[in-house]
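These are the structures, in C-alpha cells.
Note that chain A is present in both complexes that follow, paired respectively with chain B and with chain C.
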Partner chain A sequence: MSPQLSVVVAAVGLPFLAAGATPLAARRLGDDTGYAGAAVALTCFALVATQLGRAGTASAAWIPSLDAAVRVTVDGWSLLFALLASGVGVVVFAYSARYMHGEDGLARYYGTLLAFMGSILGVAFAADLVLLFVFWELTSVCSFVLIGHETEDAAAGYSARMAMLVTVGGGLALLVGVLLLSTASRGAFGTATFDLAAMLADGGAMRAALRESGLFVPALALFAVAAGAKSAQVPLHFWLPNAMVAPTPVSAFLHSATMVKVGVYFVGRIRPLFLSPEWTLLFVTVGLATMTVGAVLAVASTDIKQLLAYSTASHLGLMVAGFGFGSALGAEAGVFHLLNHALFKAALFLVAGVVAHQAGTRYIHDLGGLWRGMPFTAGIAAVTGLSMAGVPPFNGFYSKEFLFEAAYGAAAAGGGLAWLLPATAVLASVFTVLYSLRFLSVFFGGRPADLGRIERPHVTLVVFPGVLAVLAGVIGIAPGLAVEAIVGRAVDATVLAPVEVHAGLPDHVTPPVVMSAVAILAGVGAYPFVGRIEDAVETATRTATPVRPNWWYDRLLDGTEATGERLGPVVHNGLLRTYATWVVAVAAGFALLGYLATGAVPLPGTGAGPWVAVDWPGVPPAMALVLAVAAAAGVAVTAASSHVAGVLTLSILGFMIAIFYILASAPDLALTQLLVETLVLLVFLLVLEELPEFYADLEVGRTVRDAALSVAVGGVAFLTVLLAAPQPAAEQTRIARYYVEQAVPAAGGTNVVNVILVDFRGFDTLGELLAVSVAAISVLVLITMRNRGETG
Partner chain B sequence: MTTTMMKTTARIVVPIILVVALSLLLQGHNLPGGGFIGGVLTTVALALIYVAHGLDYLESGVLDREVESGAGIFQHRTVLAYRKTFVFGLAVVAGSGVAGVSFEEPFLTQAFVIVEDVPIYHEIELTSALVFDVGVYCVVVGGLLTILSVVGGE
Partner chain C sequence: MPAVSIVLAGVVGGLFALGTFLVLRRDLVRVVWGVAVLTQAANVYLISMGGVREGTHDLVPVLAAHGGAVPRTADPLVQALVLTAIVIGFGTTALALVLTYRAYEENDTMNVQEWQ
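Showing the complex of A and B:
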C-alpha cells in the first residue's frame, strides 16, 4: 500500500502548528503545557502508526524547476525513527510537566521542543534532499535554543554555541553533498533531481554516475562529516557532553533518542546507495573509534549525566560501525540498536534527572545506595543499565551481539589487520560494562556517609521512565516481537536485498558469544579497579591536551575572534573616504579587467577600441556645449573656495546633465534629474552648517592618488557607456521593440518609460521601493542609536 | 535660512509645485511624470516649507494646532505622519500587487479600462497602475521626508 501524503504531512506539520500556539497555551495552562505537548506527541505517534504496513513515496509539487518537491518516503526505517521520536516525545513532554515545574521560559521551552519534534519527523520522512536539509538544519537550530535554555548561564551559552557551530557546520557539509548528489543525478537520470527516493530506487545507476564523475568519494566524505557532526562521532564528539547543561528532559530527548540519531538515521538511509569498500573503511573506523573513545571517557566521568553523554557517543559509534559493515548483520546491528539505545538511554537520562532532582547532586562520588530511598527508580535503572552494558537477556545485548557477529564475519573474511575490528569492539564493550556498573553503583553501591535523607520522587517523575524501561524489558525477553513489529522491515530499507532478522539468546557457543562473555567478565573483573582506571584516563587526557578536540575548538574560536578584532579596525576605520576609495577602485578595476579579458576593450597597441566607432565631429554643438559646461563645473568643484560655492558648482553639473537629457529627448529622465538635483541641493543646504569649515592641509601624495583614482574611475565609466550604448546604426533590440509596440495595447499608456516602470517591470519598482524603505529605516536606526549614545 | 525672501518665495512657489506634482502623478501614464517624479517634487515642496519655516510650521501655521514641545523628533506629529505615509504607500503597493493575484493573474499584473462619454474630458482612462503609482508616490514622499526631517532635526 502506498503511503498517505496528507497523514504524513499532518504528522510533521502538527508539532509546528502546536509550537506556534504554545505561547498562548503556556500562559493559560502553565506547567500543564507539558501534558498538552504530550497529547500533541501522542497524536503524531498515532498518525505515524496508521502508516504501519505501508511503504513507498508520495509527493506534492514544491519547486518544479529544480525538481525539488514535498516528497515523503514511508518504509520500516522511517516509521521506526518517527515512532521513536514521537513516542519518546510523549514521555519527555509528560515528564517535563513535573520536572520543569516553576521554571521560567516555559513557552520557549515547550514551543522549541515541539518544533524540534516536528523537525525530527520531517527528517524521518523526507525523501527530497532539499526538504531533508531544511529539517536537518531546523533540528540544529531548535537544539541550540534548547541547550541554551538557561539564558543567564554562561556555560549554557557556550555549550549551545558549540553544538550549533558543530552541527550546523556539519549541515553545510550536507548541503554540499546534496548538491553533489543532485549534480551526479544528471548522469543517471538525464535531469538533475533532488529526489532521494528515486536515487535509492535506482542505486546502481546513481553509483555508476557518481563514480564516473569522480564525486563518489567526495560526496561520501561530506555525508560522513555531516552525520558525524550530528551523531557526535570522533573527532566531532566533543559537543555532546557539553550539551548536558540542557535541562534533563532535553538531554533525554535530543541527546539519546532523536537529534544525535539523525546522523545515524541518515547513514542508514543512504547505506544502500553508497555501500562500498570506501564506505566500510570510513564508517567502521570512525564508528569503532567513537565506540572506544566514548566508553573510555565515560568511565572517567564523575557526573552521571556526563557519563551518559559519553556513553551515548559510544553507542552511536556502535550503530555507525554496524552500518559500516558490508554484511546485512551490520545493518541489523545499526537498526536494532537505534531502537534499543533510544529506549534504555532516554530512560537512563530521565533517571539521572530524578537523582539530580532528589539528591541535589550528580557527582558520582557523592552518590550511592539510593535504592533504599527510591526502589522503583532503582529498578528502572537496573533494567536499563544492564541493557546499556549489553548483558543478556536485556535488549542491548541482541544488537551488540549483531555487531560482534558482523565484526567477526568481516575479520574472518578479511584476515590480518581486520582482526583488529572485533578486538576493538570487545575492548569498547569492556569499558561499556565498566561504566554501566559505575552508573548502577549510584543505586546499589555503598552509601556515602554525608549523603542526606533522600525523599521519594513524585510519581510522575518515575512512571514515564518506567514505561520506557518496561518496553526495553519486553524487547529483552521477547526480541522477536520488536523484529516482527518493525525492526525487520526497517532493516530491509537499509540493506541491498531483504533479509530475515533473527534475534534471540544464543543456544550454542560461537565466537561472537565468546566475545560477549569476555567483554562482560572482563568488565566485571575490572570493576574493583575502576578508581585507578578513572585516574589513569584523567591523567592521560589532562597531559595530552592537543589531542582533545575541545581544545582545538577553543583555539579556533578564540583565534577567529582575535583575528576579527584585529582586522575590524583596519578594514572598518570609520572614514567614509576610505570605503569610497576601496569600493570605487575595486569596482572600476574589476570592470576594466572584465573588458580586457573578454576583448571588449583591446590592450593598448593591439587594436581599435570602442571609441573609434564614435562619430566625434557629428556631435550636435548644443550637446557639446552643455557637456563642456558640465565638465568645467566638475573641475571647478574641486577648486571651490567654500562649501556653499562647492555645492552650487556641483548643482551646475547636475543641471547641465538634465539639459543634456532634454537634448537627447528623454523628458522623464530630465525631470527626475532636475528634481533630484533640487532636492540634493536643499539637503545640502540643511546640513551645510554642520560640516566643519576646514578639514586639513592638502597632502600632495593623497591629492595625486585621489586625482588618479578619479580619472581612472571616470575612464572606466566612460568605456562602460560606450560599450553599453547601442550603436547609432543598430536596430532596436527585440525587447525595446516589444515595449514600444505593446505599451498602448497591453497597458493603455503612451509614456513608455512609465509603462515599463509600473506595468511591465513592476517588480523592479517594488524592489526599488524596498531600497528606499531600507534607506529610511537605516537612517532612523542610526540616529536612534546615536541618541542613545551607542557607537557600535 | 528663515529669511523674509525665502518665506515669500515659498509662499508663492509651494502651491504651484504641489499642483504640478499632482498633475505629474496623474498624467504619468501617458505623458512625462509618474509616482516617483511626483513624489520627489512633493518632497521638494515640503522641504522648501521646512527650510523656510521650520518643522513646526505645518502643525502650527497650516493646520493651526498646538505643537507639543519636548517630545523627541521621532514623536513629532509631522514625522509620525510622514512615517505613516511611508507605511501606507508600502501597503498600497503590496496590495495592488496582491489584487492581481486575486484575479488569478501573476503578482503585480495591471489592468486598465477606458470610460467614454464623460463630460469635459470626453474619455477617461482608469488604470490599476495608477494605484500602484500612488503607492510609489506615498513611499517616496514618506521615506524622503522622514529622512529629511529626522536628519534636519539633528
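Showing the complex of A and C:
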C-alpha cells in the first residue's frame, strides 16, 4: 500500500502549528502546557502509526524546475524513527510538566520542543534532499535554543554556541554533499534531481555515475562529516557533553533519543547507495573509535549527566560502526540499537533528572544508596542501566551481540589487522560495563555519610521513565516482538537485499557469545579498581591537552575573534575617503583586468592593430558643443572656490545634459532633467544657507594621489564607452524593437518611454516611487526630529 | 568607416574622473557634488549605450499615430532606464544634502576626516 501524503504532512506539520500556538497556550495553561504538548505528540504518534504496513513514496510539487518536491518516503526505517521521536516526545512532554514546574520561559521551551519534534519527523520522512537539509538544520537551530534555555547562564551560552557551530557546520557539509549527489544524478537519470528515493531505487546507476564523475569519495566524506557532527562522532563529539547544561528532559529527548540519532538515521538511509570498501573503512573506524573514546571518558566522568552524555556518544559510535560493516548483521545492529538505546537512555536521563531534582546534586561521589529513598526509580535504573551495559536478558544485549557478530564475521573474513575490530569492540564494551556499574552505584552503592534525607519523588516524575523502562524490559524478554513489529522492516530499508532478523538469547557457545561474556566479566572484575582507572584517564586527558578537540575549538574561536577585532578597525576606519577609494579602485581595476584578460583591449607593445574604430567628433556639432560646455562646467565645479559658485556651475552641467537629451532624441528625459535640476538648485541653495563655507589648505601629496586615481577611473570609463557603445549602423536591439512595436497594440500608448515605465515595467516604477517616498520621509525625519528619541 | 564617438567617450570619462576627485574631498558638500556629477556621467553613459545619432523626427520614441508601421526610433529602453535614474538621483541628492546638514549639526564640522 502506498503511503498517504496528507497524513504524513499532517504529522510533520501539526507540531509546527502547535509551536505557533504555544505562547498563547502557555499563558493560559502554565505548567500544564507540558500535557498539551504530550497530547500533540500522541496525536503525531497515532498519525504515524496509521502508516504502519504501508511503504513507498508520495510527493507534491514544490520547485519543479529543480526537481525538488515535497516528497515523503514511508518504510520501516522512517516509521521506526518517527514513532520513536513522537513516542519519546509524549514521555518527555509529560515529564516536563512536573520537572519544569515554576521555571521561566515555558512558552519558548515548549514551543521549541514542539518545533523540534516536527523537524525530526520531517527528517524521518523526507525523501527529497532539499527538504531533508531544511529539516536537518531546523533540528540544529532548535537544539541551540534549548541548550541555551538558561539565557543568563554563560556556560549555557558557550555550550549552545558550540553545538550550533559544530552541528550547523556539519549541516553545511551535508548541503555540499547534497549538491554533489544532485550533480551526479544528471549522469544517472539524464536530468539533475533531488529525489533521494529515486536515487536509492536505482542505486546501481547512481553509484556508477558517482564513480564516473569522481564524486563518490568526496560525497561520502561530506556525508560522514555531516553525520559525525550531528551524531557526536570522534573527533566532533565534544559538543555533546557540553550540551548537558540543557534542562534534563531536553537532554533525554534531543541529546540521547532523537537529534543525535539524525546522523545515524541518515547513515542508515544512504547505506544501500554508498556501501563499498571505502564506506566500511570510514564508518567502522570512526564508529569503533567513538565507541571506545566515549566509553573511556564516561568512566572518568564525575557528573551523572556527563557520564550519560559520553555514554551516548559511545553508543552512537556502536550504531555507526554497525552500519559501517558490509554484512546485513551490521545493519541489524545499527537499527535495533537505535531503538534499544533510545528507550534505555531516555529513561536513564529522566532518572538522572529525578536524582538531581531530589538530591540536589549530580556529583557521583556525593551520591549512593538511593534505592532506599526511591525504590521505583532504582528499579527503572536497574533495568535500563543493565540494558546499557549489554547484560542479557536486557534489550541492549541483543543489538550489541549483533555488532559483535558483524565484527567477528568481518575479522574472520578479512584476517590480519581486521582482528582489531572485534578486539576494539570488546574493549569498549568492558568500559561500558564499568561505567554502567558506576551509574548504578548511585542507587545501590554505599551511602555517603553527608547525604541528607532524600524525599520520595513525585509520581509524575517516575511514571514516565517507568513506561520507557517497561518497554525496554519487554523487548529484553521478547525481542522477537520488536523485530516482528518494526525492526525487521526497518532493517530491510538499510540493506541491499531483504534479510530475516533473528534476535534471541544464545543457546550454544559461539565466538560472539564469548566476546560478550569476556566484556561483562572483565567489566565486573575491573569495578573494584574504578577509582584508579578514573584517576588515570583524568590525568591522561589533562596532560594531553592538544589531542582534545575542545581545546582546538576554543583556540580556533578565540583566534577568529581576535583576528576580527584587529581587522575590524583597519577595514572600517570611519573615513569616507578610504571606503570610496577602495570601491572605485577595485571596480575600475577589475573592469580593466577584464578588458585585458579577454583581449578586448590588447596589452600595449604587442603590436595589435587598431582595436577600436573611433570617429572624430562622431556626434553632430551641436551635441559636441553642448557636451564640451558640460565638461567645462564639470571642471568648474571641481575648481569652485566657494559653495555657491560650485552649486551654480553644477546647475550649468545639469542643464547642458538636459539639452544633450533633447539633441539625443529623448524629450521626456529633457523635461524630467530640467524639472529635477531646478529643484536640486533650490534645495542646494536652501541648505547652503545653513552651512558654513569650508576652507582648507590643499595638501599636495593627497591631491596628487586623488587626481591619479580619478584619472585612472575616468580612463576606464572612457575605454568602457569605446568598447560597449554600439556602432551607429547597428540594428535596434530586439528588446527595444519589441517595446516600440508593442507600445500601441499591447499598451495602447504612443509614447514608448512612458508606456514602458507605467505599463510594461509598472512594478519597477512602483518600486522607484517607494524609494523616492522613503527618501522624502527620511528627509522629513532628519529635519524635524532632531531632539526626539535621542540624547545630546 | 562608422565608429564610436570619441567626444562622447571623452565626456563620460572626464565626468567620471571629476566626480571621483570630488567624492574624495574632505568638504562634505563637495562629496555630494561628486555624487551628483557621477550620476550625470552614468546617465550620459547609459544614453550612449543606446546609440546616439543625428536627431530626426522619426528617431523620437513617440509614435505619430495609432496603427501603421512603426519607424526605427532611438532606443526607448535606455531612455526609460535613465528617466528612472534621474528621479532616483534627485532623491539621493536631496537625502545626501539633508544628511550633510544634519551631520554638520551633530559634529559642528563639514570635514569628513574629523568625524568621530
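As a working rule, the second predicted complex is superposed on the first by the 703 of 792 C-alpha atoms of A that agree within 3 Å, B and C clash if a C-alpha of one lies under 4 Å from a C-alpha of the other, contacts with A are read in each partner's own complex, and residues count from 1 in each chain.
Convention: a residue touches a chain if its C-beta (ideal position, glycine included) is under 8 Å from a C-beta of that chain, and two chains touch if they have at least 3 such contacts.
What you see is a predicted model; the values in this text were computed from it and never measured.
Student: Counting only touches as set out at the top, which of chain B and chain C does A:Arg577 meet: first, second, both, neither?
Tutor: The second partner, chain C, only.
Student: Figure out whether A:Thr784 sits in contact with chain B (first) or chain C (second), or with both, or with neither.
Tutor: A:Thr784 sits against chain B, while chain C stays out of touch.
Student: Applying the touch criterion given at the start, work out whether A:Thr151 contacts chain B, chain C, both or neither, answering first, second, both or neither.
Tutor: Neither: A:Thr151 stays clear of chain B and chain C.
Student: Who does A:Leu757 touch here: chain B (first), chain C (second), both, or neither?
Tutor: A:Leu757 contacts both chain B and chain C.
Student: Could you look at A:Val687 and tell me whether it touches chain B, chain C, both or neither (first, second, both, neither)?
Tutor: Both partners, chain B and chain C.
Student: Kindly classify A:Ser2 by the partners it touches after superposition: chain B alone (first), chain C alone (second), both, or neither?
Tutor: neither
Student: Scan A:Ala747 for contacts with chain B and chain C and give back first, second, both or neither.
Tutor: First partner only, chain B.
Student: If you stack the two complexes on chain A, which partner ends up touching A:Pro667: first (chain B), second (chain C), both, or neither?
Tutor: Both chain B and chain C are touched by A:Pro667.
Student: Who contacts more of chain A, chain B or chain C?
Tutor: It is C that touches the greater number of chain A residues.
Student: A:Thr563 contacts which: chain B (first), chain C (second), both, neither?
Tutor: A:Thr563: touches no partner chain.
Student: Report, in rising order, the residues of chain A that make contact with chain B in one complex and with chain C in the other.
Tutor: Touching chain B and chain C on chain A: residues 667-668, 672, 676, 679, 683, 687, 690, 750-751, 753, 757, 765, 772, 775-776, 779, 783.
Student: Taking the touch rule as given, give the residues of chain A at its contact with chain C in the complex, in rising order.
Tutor: Per the stated touch rule, the residues are 574-577, 580-581, 584, 612-620, 623-624, 627-628, 630-631, 634-635, 637-638, 643, 646-647, 650, 653-654, 657, 660-669, 672-673, 676, 679-680, 683-684, 687-688, 690-692, 694, 696, 706-707, 709-711, 713-722, 724-730, 732-733, 735-736, 739-741, 743-744, 750-753, 756-757, 761, 764-765, 768, 771-772, 775-776, 778-779, 782-783, 786.
Student: Give every residue of chain C touching chain A within the complex, in rising order.
Tutor: Listed in rising order, the residues of chain C that touch chain A are 1-24, 26-27, 29-31, 33, 36-37, 40-41, 43-45, 47-56, 59-67, 70, 72-77, 79-80, 82-84, 86-95, 97-102, 104-105, 110-113, 115-116.
Student: Where on chain A does chain B make contact in their complex?
Tutor: 667-668, 671-672, 675-676, 678-679, 682-683, 685-687, 690, 747-751, 753-755, 757-759, 762-763, 765-766, 769, 772-773, 775-776, 779-780, 783-784, 787
Student: State the interface residues of chain B toward chain A in the complex, per the touch definition above.
Tutor: It is residues 1, 24, 28-37, 40-41, 43-44, 47-48, 51, 72-74, 86, 89-90, 93, 97, 107-108, 110, 112, 114, 125, 127, 129, 132-133, 135-136, 139-140, 142-144, 146-148, 150-152, 154 of chain B that touch chain A.
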